[in-house]
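In structure tokens below, several structures.
Common to both upcoming complexes is chain A, partnered first by chain B, then by chain C.
Then we have the complex of A and B:
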């Protein structure tokens, strides 16, 4: 099945490949040659590098012995800078793996190859992937990216700690979440926090806000993506809830945890509940497998219980000198085998439907939970200016969390800036 | 003889400077060709509250780190100019932060400032002082970043002062000793005045260095929380590489350049009278 999907995608792309390649060559018998560059944030670190260079690329070279791949590794935090400098210098990588919400800007500005013109349709992708995920790679009704993996944010509770406090279920309403979080918060005699009732800080503050926003029934932008909608009543309530948890309920002190924390506080019991990335399952499996039984995922309750999802998609440069080799690499990386290996390595959710029955997925309860709730999941992005807009979220959210401004003012100011950005382009 | 130098200067200095001025008057987002928009970017910078905040943060950082690190450096330089056992070792130890990558230094300071496992809070706990989230609080983040700047900047300043101290005529000290001057009196009346040219040089390069602070902010705080540690250079980086506004980033760079020029002229004026 996996092979069939990979072959189908390969066939679709290869059959419709551009024929006016100047330096890349096709031998005409199905083989391709040439040198291509790959910019990737998902094989970062020694384990990822070993997987890509030690396992995956040798498989690729067996299929395409005349193609040479030059790899540029990057973290997600530096990916934007890498892409900007590569575009400015005119050295855009042939194949780029980028995040959900990024496609629009690079597609609008002509950096990405239109895969629709190569014959890859939205319908075809939706036959093998969840349509919600496929949507993240569509801009202006054209396909610009093929999804490889998803990553979700949802609530996770330490049931052993909840049971100690007399709770046998995860929160079913925002009021209950606040009550439980307060009851589960522990401080020592000097008032120093030893356990957070609800951990907000181990994830990016923008993504935490978005998860609460979506669960409260809100959206980032209006339906036709012409104006911000995150300062709606649902948005203000979401940010108010975040600041209330910190400033009023005091269920987590500022600085108690961070996105750089070596061990997630849910694993070592420094938090009883929190918002978590689905790879918490893999982290726990490595750190303390016995703890897995105690971790229970849940949707943040609200008017419209939902979760946030992001992901990584494979794109091609519109100006690749070796488009056939680039296509071959793109199709390889998005095919079942490499995609499963990449997802396993990062503890993420495979985008290909056929991988959802793999051992990796069936043995990972968080991935299962995310898949079961994908129909209510929402992703960030929308306007082509999203990469610029999103940079302003963190200071605005932080100023509300630190009590420097109220939630409504913070979001209204952010919305005004965002609208100006959208209107200026 | 002059041609290679002039060529080098023209290509690597003059050309980028001219390009920056030209691009600062364009709308350039990397993807499309620059479009001339006159002074719009400058007007935007002038009215931008985040850039105002970044400018203020940079000024505070500069006015805190420069005098403090200069004062510490001159004291250390005078101490290490004496005949001490293991003098070279001490000099190397104080100079070491200068030659260590700022990113590596910032990683160590991240651990020092860590609210839970950090050295600073653990040390404070020993004497019964409650810990603090140094980098996560808007009250302390800028000071915490500045302290790293002070610590890292001492080495180079110390080295310049030591070199200057070695040129001070010993006869001055001998004459002062005969007149019965104390060590403190000699320091104020001989050492400091004789160090004036070095002080001017250290002052100017320190201001320029402080206004260009970037990497420790990038690693330690990412400009946060709530822009409380966003510096001018960090805002230039954000405009250029996160927001794709190269023209705006160039205009911000011109503001930064103007700031540095004014500061240098002021410091030059301040010391000119003394030199005469």
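Then we have the complex of A and C:
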């Protein structure tokens, strides 16, 4: 089904692009040719490079022998700078892989090709992907990006530690989560924490907040994306909960873990529960495979149990000199085989529904759990200014976690700054 | 130092006049100082030791809840494994060439600029010096995009016409890696401070002997500046060696990438291969450590002198 869709997508894109193109990149005999550049933040690791250059691109060249792909690797941490300088200089890569929440900015500025004008509609994509995932590539009712891989944040519990404490299930309500977290917290005689009841700090604090916000039924922005909504009652409750876990329940001391921790505390028992990235499965497989049976994923139980997802989408430059070749590459990278391989090398979640039954997914309980719950997942982003706005979240959230300000004031101030940013553009 | 004060100082420091209690006090002070310095040294060296022992641990050992200082099994294979992950020899070579290029440009042009600001009286000298000081206050990140545009629109390079249009300029070339970072305001500032600290009498004597300005700079003053050259050279080399963002931005080809960009292969968004990253980082620090060992005497002198004026 997905293969058929991908083939149809390729044919549609190629057909539509051929009519638009004036670059002469088509060799004239029906084949696609030319040189295209690819900017990627998902193959930058050693295994990723080997996969892309050693396996995937040779397959692509078999299909398109007259296309040459120049790869530019970047990490996600520097991708925005890399894209910004590329756009400013006018040297935009033909195919760009970028994150969920990034599309709006580059689409608004005319950097990305409108794929829906080439025949790729939201309906077509929704037939093969979860609608929430498709939504991440849409701006102003047009499709600008096709998802390749996702990454989710959800609750994870160490069932062996829960059972020791007399619990045989993961939390089913926020009250139970707090009660269990308190019971599972361990300190030594001097009061030093030796086990956190619930780890909040091993993941980016913005994404942790968003997970609690979404599970509480809240959203980041209002429906027409004209104003922030994260300072709603659901938002304040979400941040208050995070703050209470640290300051009132004392289930994790500030600085006990961090996003740069060598190992996630759930793996070595320094935390009994926590909010985790799906890649925790792969990390545990490498560090302590026997521990995998003890890890149980769960949705944060709020008014509307949900999870956060980010991910990587494939986009095309609106000014590509070889649009047919760029489209062929985009189609290839988003098709089932390459997407599955790309996800496998990073321990991430394939965006294509059909891959739910693949061996990789069925052997990775976290990825399977995330795919099964994509329909209740939400992603960040919304306004074109999201990349500017998101940088302000961490200080606001951390000031609440440190008790320097209350949750409502922190979010109201953040909302005011965000609104000013949105209105200034 | 005047002739009248010199004997008095010599007398003060002559061991013959030292009394026994004073010697005891000195011993106690020296002991305390050494203990403090040893503690400071241990604190300073500990991150490096931790980096090395981490580079020799297995992922399972890194995941222990109670980490041990030394590995129970020394995973020496982490080093060859890390080196296999990317063309590190090429990255080392590139980093080395860029660092050498930056250092050479800085030592040659920076010292000339520093000399002229320190010793040549010309109209607007103070304003220019203030300009250099102002440049020190500009954060690097704010200069990235304008600098990138300068490189991209470099006329007559990379297919660009005389107006810098139509091509890629210096992007993805050695020019972009070496020229923009070749000279910094801080190096000119440091050189200017060093040249200012040297006596004017040398210059006057040289002029009487008929030396021109360039020979005064090259043969009279600069040979007295070995600590300054070592300090600025080492700082420039270190800064260049550790540069990550600029090489990442201006290159797209793996053949031009540098060691710091290479090390990023071990650090992904989702996870980090700590043992490999530490193994690679350990190897990446070796050239800097060797360089410092050779230059440390001048380096310390240089910093001491820089504080004079």
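Keep this in mind: the second predicted complex is superposed on the first by the 411 of 425 C-alpha atoms of A that agree within 3 Å, B and C clash if a C-alpha of one lies under 4 Å from a C-alpha of the other, contacts with A are read in each partner's own complex, and residues count from 1 in each chain.
The working rule: a residue touches a chain if its C-beta (ideal position, glycine included) is under 8 Å from a C-beta of that chain, and two chains touch if they have at least 3 such contacts.
Fair warning: this is a prediction, and the values are worked out from it, not measured in the lab.
Superimposing the complexes on chain A yields a three-chain arrangement in which chain B and chain C clash.
Of the two partner chains, chain C is the only one that A:76 touches; chain B does not reach it. Looking at the shared chain after the overlay, A:363 reaches neither chain B nor chain C.
Of the two partner chains placed by the overlay, only chain C lies in contact with A:347; chain B stays clear of it. Of the two partner chains, chain C is the only one that A:37 touches; chain B does not reach it. For chain A, the partner with contacts to more residues, out of chain B and chain C, is C.
Applying the stated contact rule after C-alpha superposition, one finds that A:288 touches chain C and leaves chain B untouched.
After overlaying the two complexes on the shared chain, residue contacts for A:387 are found with chain B alone; chain C is out of touch. Of the two partner chains, neither chain B nor chain C is touched by A:172.
After overlaying the two complexes on the shared chain, residue contacts for A:151 are found with chain C alone; chain B is out of touch. Contact with chain C, but none with chain B, is seen for A:267 once the two complexes are overlaid on the shared chain. Shared contact residues of chain A with chain B and chain C: 81, 84-85, 88, 260. Residues 80-81, 84-85, 87-88, 105, 109-111, 190-192, 253-256, 258, 260, 387-388, 391, 394-395, 398-399, 402, 404, 425 of chain A are the ones touching chain B in the complex. Those residues of chain A lying in contact with chain C across their complex are 37, 41, 44-46, 48-49, 70-78, 81-82, 84-85, 88-91, 151, 260, 262-263, 267-270, 277, 279, 282-283, 286-288, 346-348. Taken in their complex, chain C has these residues touching chain A: 54, 59-60, 62-65, 84-86, 144-145, 148-149, 152-153, 168, 171, 245, 248-249, 252-254, 264-272, 274.
Within the complex, the chain B residues that touch chain A are 29-32, 50, 110, 115-116, 130-138, 222-227, 230, 238, 240-246.
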